[in-house]
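Chain nomenclature is as follows: A, B, C, D, E and F, assigned in order of appearance, with residue numbering initiated at 1 for each chain independently.
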Amino acid sequence: MKESIQLAHGGGAAQSAELIRELFFRYFSNEILLQAEDAAVLPMSGGKLAFTTDGFTVSPRQFPGGDIGKLAVCGTCNDLAMMGARPRYMSAGFILEEGFALSELEALVRSMAEELAHNGCQIVTGDTKVVPRGSADGLYITTSAVGSVEIPSLSAAALQPGHRIVVSGPVGDHGTVIFAQREGMDLQTDLVSDCASLWPAVQEIIQNGIPLVAMRDATRGGLSAVLHEWAQQSSVSLTVQQDAIPVRPEVLGICELLGFEPYHLANEGTFVLAVEARHAAELVEVLRTKTACHQASIIGEVCEGHQGKVILETAWGTRRFMEMGSGELLPRIC
Amino acid sequence: MKESIQLAHGGGAAQSAELIRELFFRYFSNEILLQAEDAAVLPMSGGKLAFTTDGFTVSPRQFPGGDIGKLAVCGTCNDLAMMGARPRYMSAGFILEEGFALSELEALVRSMAEELAHNGCQIVTGDTKVVPRGSADGLYITTSAVGSVEIPSLSAAALQPGHRIVVSGPVGDHGTVIFAQREGMDLQTDLVSDCASLWPAVQEIIQNGIPLVAMRDATRGGLSAVLHEWAQQSSVSLTVQQDAIPVRPEVLGICELLGFEPYHLANEGTFVLAVEARHAAELVEVLRTKTACHQASIIGEVCEGHQGKVILETAWGTRRFMEMGSGELLPRIC
Amino acid sequence: MKNTLELTAALRHPQAIQAMASAIGTAATMLETPLHIMEICGGHTHSIMKYGIDTLMPENIRFVHGPGCPVCVLPKVRVDHAICMATQPDTILVCLGDMMRVPGSGGQSLQHVRADGADVRFVYSPLDVLPIAAENPGKTVVFFAIGFETTTPTTASLLHTVQANNLSNIVFHINHVMVPPAVTALLQSGSSSVNAFIVPGHVSAISGWKPYEKLAEEHQVPFVVSGFEPVDILAAVRTIVTQSLEKKPAAHNDYRRVVSYEGNSRARELVDLYFEPRSTFPWRGLGDIPASALQLRERFRHLDAEILFQSVLPENSSDDHRNCLCGAILRGVALPGQCQLFGRQCTPSNPQGSCMVSSEGACAAYYKYRGEAL
Amino acid sequence: MKNTLELTAALRHPQAIQAMASAIGTAATMLETPLHIMEICGGHTHSIMKYGIDTLMPENIRFVHGPGCPVCVLPKVRVDHAICMATQPDTILVCLGDMMRVPGSGGQSLQHVRADGADVRFVYSPLDVLPIAAENPGKTVVFFAIGFETTTPTTASLLHTVQANNLSNIVFHINHVMVPPAVTALLQSGSSSVNAFIVPGHVSAISGWKPYEKLAEEHQVPFVVSGFEPVDILAAVRTIVTQSLEKKPAAHNDYRRVVSYEGNSRARELVDLYFEPRSTFPWRGLGDIPASALQLRERFRHLDAEILFQSVLPENSSDDHRNCLCGAILRGVALPGQCQLFGRQCTPSNPQGSCMVSSEGACAAYYKYRGEAL
Amino acid sequence: MCLSIPSEILSIDENNMALIDTMGVRRHISLDLMPEPVEVGDFILLHVGFAIGKISREEALASLETYRELLEQMENRDGTL
Amino acid sequence: MCLSIPSEILSIDENNMALIDTMGVRRHISLDLMPEPVEVGDFILLHVGFAIGKISREEALASLETYRELLEQMENRDGTL
């Protein structure tokens, strides 16, 4: 480990994983934590509970398609949904910078309330801290939530050769929108963040009785991070058809301009599913009934060999590894 | 409401309460939240759960008697303990400033692990965000925790005339230590923060079969904030004997120097209990068997009239209202 | 007296307090006219309210809370100055903690403008300005100086260091005021019901109790110097009652462990070196009082923020609420509860007049410690 | 071609690619000696690895990944310069994104020194330096300029604006390098196995393809200008195979939609106005190459960070790992997998040699896209 | 090196800056390095905020045509070059 | 006004600064406003970082004595002043 925290430690790629493994897993080690799922599954009397947390520090706080308030609710509810859990109770911790406009705070809180309704979830406890001006960039929100597990055995370690990989929609929208809004970048698109609550889609899958193997929202680190985590935790390889991954033209445009790859860019509504082959087509069909998922696609399958790797098959029959992201997005000139 | 966030909005006094009431309660309104307890009690099948969150932004991060890591664990576990709940599972959200020393992070994480052990609690899920240098003051930690309720009916609204008020130990130690460490204050004392985990003491009370009415740790806003909240939520008044409140000489010293009152200063281990009169003496006796509580004392009782007020009785028979704190601690010259 | 703790404890001894109070009560039965004792000093107001000393007094002894709180009497326009300077570019405004919460004309305090990005810092001591200035060589550090005779020498001492070391980025906005002119003004106003004074103890540590001899003689009322412990205040009240019964009003020192006849000459010399009286100064709640405040001497005008920032400082401020009774309260002819704004439009977090501004103000003290009812 | 999207899609058409690849495979059976085709440009390396074009080639056609990545070839001492300047007081170091991750002698990158408090910013365009300088009038903004012929004119354009507007707080650390001298050095080194070149497409947009006529004639190898789409690269390979079969090596332009014979004269004039060749410049992995880099002309020394920061800039850096095979890899005589450090001590997050530094480096590209095994 | 992609000119302002479109992404870029005049609708090559050359529509269509022909040839016979 | 409390001098340095103790709280303060010399062990009155006067040990004991006497009187008879 390097001696001090780098932005890359928060980027969802190799350095994030190292920090978690070398520091947090070492000191906080316990069976539940080491599952390293989107949400912890708690063995409580009376049924399993899922429990998760996320901190939200996104800048800018308002972006096409959402704001940090909406994100703080749907991001955390989604981590429950990804463990097959119905979001029920949420806590909200606000860290506010002295001088933060109350009108903006109110707008963000309203946005949170709206998103809670989409999840059937309630904020039942909270905390507010104010730090001196200059000690935060406006506001940070940390939400935690508890949900009741309705699909009991989802696990990133359960993938087996032959399982299919499904993505719920186009990748990279959120990351593209946020990067384009970065100060000084001067990039305009008509894109909106894919920021959305996923429990309704998961509920649809449950109601249609489709058994799932694993689910994960492709947030920081993008599609690539999810696929690599699954490959590693299940000790398999994943083979992905590059041209099956839905990507919007504007996302491709930014990638071409700045040298990024769509599968490294963050999403806030697009998620990845692993499913037995025989249920894959039906899963896609069910997903496509949901607006945000009408581009849902089978993008690949689980394979043996090359343990822990993700293999990309191009349209012209070449194969290569999908590379891991590298933490901080830096535009390239070469 | 003023138009922008002031430090006082985070100070645990009138402005904090106003923000919660006018903004958060308005948009997030639901029965559980409006209880406004230290922890939310969730009606789950198979038994009640308590759920709470707190953000930790204390500066300095290391102080006599503890550090922000210890605080992040004991502060949140204590909010469960105060609802009579055994701390079980915790989430930890870190917001790290780019450049934060990994050695310090490791020390804080170690400190968290130690404090978890005192509570029999586990961190089962977490999140790490890194913000650019200058966008945070080192690190902030937001912890949430879930516990199983073992004393079912504690409530800040349950106080009735005749109940006794007990404080577990001297007040103001933590606030004094933190203020003395403030840059430029140049105040030296031998005081240490009272920062401690309270579940062991609560467990002792349970094991001795002493029924309680309410409990609350006297954190931000100090003893005064707890007493006022209770008086208001139960629509009663509290009468407190000023000379029964344990205060260390150094805390008095800082108060004399800077014009503070001990009951406005924060605590991180001292807590307040409401109990039926006939159990008060035994409660104090049981508490005193615990090291941190050997100065536990009955300080007052619940009365009718003057709804929502706290009345201080001085040693020479005068009576006055205990005043609410005012958010930001400012030294006085007059 | 082994240490400070012991001394303090002894001076707060419950039995001693009750003994004194009951002695005063007994003696007071013999008073011909009620005593309206003004404790000039906000510190005394604070002690009286905090320890409930007023509730120990018989019917015919009443405390009138005086103008001795430096932020309460500070005219709003001076608060506006502080806010204005704080928001100038490359300027750091430094003040003592008491100033932070006081609202100016727009209802905004220094806390608010700090929240909105102004660099405002509170310090415990004027000396703490020095490291701030050293760490910010590119900025102008304005020390916003408030206080009575006790505090003025500490500002003078900082000025002395700035001069001696030729420090170029510290300037001063001076709001120091003096007790005797305010007392004279009150007595001369005619309508006052006050017939005895408790003289500020720590102001007198600097000025000595000598200045009150002339005042006592001229106005034929007791002026008794008191400490701030409950027993101290009761002792002063006892002296006042005795003087009243004996009809020998005089200046008297009941705070001998701290106050001498001459006071602290070194401190006064330093003050005299840097400051001179203003011809007049407006007191919030009392109006203009001649020679009641200080300003920097002409030769230190290069350090005078009032001159340096002259072009931007506002000249007028909004008025206090027209129903505010502060003037009457300070003259002892009204109590806070009689004001129709008290506890409704006027609260410590939204003060409408000087007496509600700081916790030493009469209205604020009543609000916090007595509510409308206790 | 209605829009850019359509054009790009057409150039990535799977059937076209497979058709081309199979045509190349058929023709290659007739080659007498294996072709070691160096794609000079890191952009081509990137495309080849990303689209797996190398895996479509027959046994006897191999790609050799050249030195055409500006951060890979940048000597470590220049990275140390960037880090040193970034940590000077009141200095803002601005660079293009590629520079941020490159470690200097101590293993620290600009990302690290930024984390430790240095003001380092990456921009998308050199023009983005202007607002940064305008917002920080009290600071010196150093633009750390890297890049080949394509990028040099953009730095020149920024210089032009700085000169024209007399901007006083922008200075330049120039690390611009040129393709032809590097190619000449490679060919002259003797030990190289490279027998054909794919010429950088966007460098040629500026320089034109004229410079490669002389090179082709002198060294009797094909120099084919190519675009960056898969079909473009395959077309260039096809031209090389044809030239080889016909034994008529020559300079040829297969990127006619973008590259002309003369190139962009306006851009070259602007470059010439501000820059002149250095007598020699060290290339990481290749060593000193005469007249292979640019520096600011004498009359712009007041803008030259190398001169302005001379007293603090380090002169020497640590050496690359002694087992690093970069030199051999760049000459086409070794593949990354043959290096004993590859994937073990040497990874993209801890590079030991130039080829691992950026994702365009041969070792980094193999590591990311091929692992040790695929 | 020298990541650079075709972009279409949407508008040109008085400071010789153009608004361009790259696969649906718009940005303002400088035309200061252009050796020849450009118009709205032209395709240019964009590199770090500068147009560095015009893309020839004729040549682009020509190479597409070449590739298309090749493809047809390949479909008809398992051919050589 | 003028919050000010008795403190004991623990040490004095060459810059006329003293380390003082106020009920167990220690701080460095300035002696520059003191009109008379002070020594370790003396009690001073502290105001915003300055010693502004010496506290007379004799007078303090004397007033304590007065109060004590008064207390005794009160205990003996329900007295007047």
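The definition used in the following text is that contacts are C-beta pairs under 8 Å (C-beta built on N, C-alpha and C of every residue); 3 or more make two chains touch, one makes a residue touch a chain.
Chain labels with UniProt names: A, B = Hydrogenase expression/formation protein HypE; C, D = Hydrogenase expression/formation protein HypD; E, F = Hydrogenase assembly chaperone hypC/hupF.
All figures in this text were calculated on a predicted structure; none of them were measured in a lab.
In summary, the chains found to touch both chain C and chain D are A, B. Copies chain E and chain F of the same sequence differ by a rotation of 180 degrees once their CA atoms are superposed, given in steps of 5.
Taking the mean Cα position of each chain as its centre, E sits at the greatest distance from chain F. Distance between chain E and chain F, defined via averaged C-alpha coordinates, is recorded as 86 Å. For the pair chain B and chain C, the distance between mean C-alpha positions equals 35 Å. Distance between chain centres (mean CA atoms), chain C to chain E: 77 Å. Contact of a single residue of chain B with at least two other chains is seen at positions 2, 4-8, 98-99, 186, 249, 252, 256, 258, 332-334. In chain E, 1-3, 5, 22-24, 47-48 are the positions where the chain touches two or more neighbouring chains simultaneously. Shared contact sites, meaning residues of chain C that touch two or more other chains, fall at 5, 8, 42-43, 68-70, 96, 115-116, 124, 128, 147, 151, 360.
An unclassified topology is adopted by the chain contact network, corresponding to no line, ring, star or complete arrangement.
Applying the touch definition to every pair of chains gives A-B, A-C, A-D, A-E, B-C, B-D, B-F, C-F, D-E. Those residues of chain B whose C-beta lies close enough to touch chain C in the complex are 2, 4-8, 14-15, 184-186, 243, 249, 252, 256, 258, 306, 309, 311, 314-321, 323, 326, 328, 330-334.
Across the interface of their complex, chain A is touched by residues 5, 8, 12, 14, 17-18, 21, 42-43, 46, 49-53, 55-56, 68-71, 96-98, 100-101, 111-112, 115-116, 122-124, 128, 131-132, 146-147, 151, 230, 348-349, 358-360, 368-371, 373-374 of chain D. Contact residues of chain B toward chain F in the complex are 180, 186-191, 248-250, 252-254, 256-259, 332-334. Considering their complex, residues 1-8, 21-24, 29-30, 32-35, 43, 45, 47-50, 52-53, 55-57, 59-64, 66-68, 70-71, 73-75, 78-81 of chain F touch chain C. Contact residues of chain D toward chain E in the complex are 1, 3-5, 7-8, 10-11, 13, 15-16, 19-20, 22-24, 26-27, 41-43, 68-70, 96, 124-128, 147-148, 150-151, 153-154, 157, 160, 200, 202-203, 205-206, 231-232, 235, 238, 241-242, 256-259, 264-267, 270, 360.
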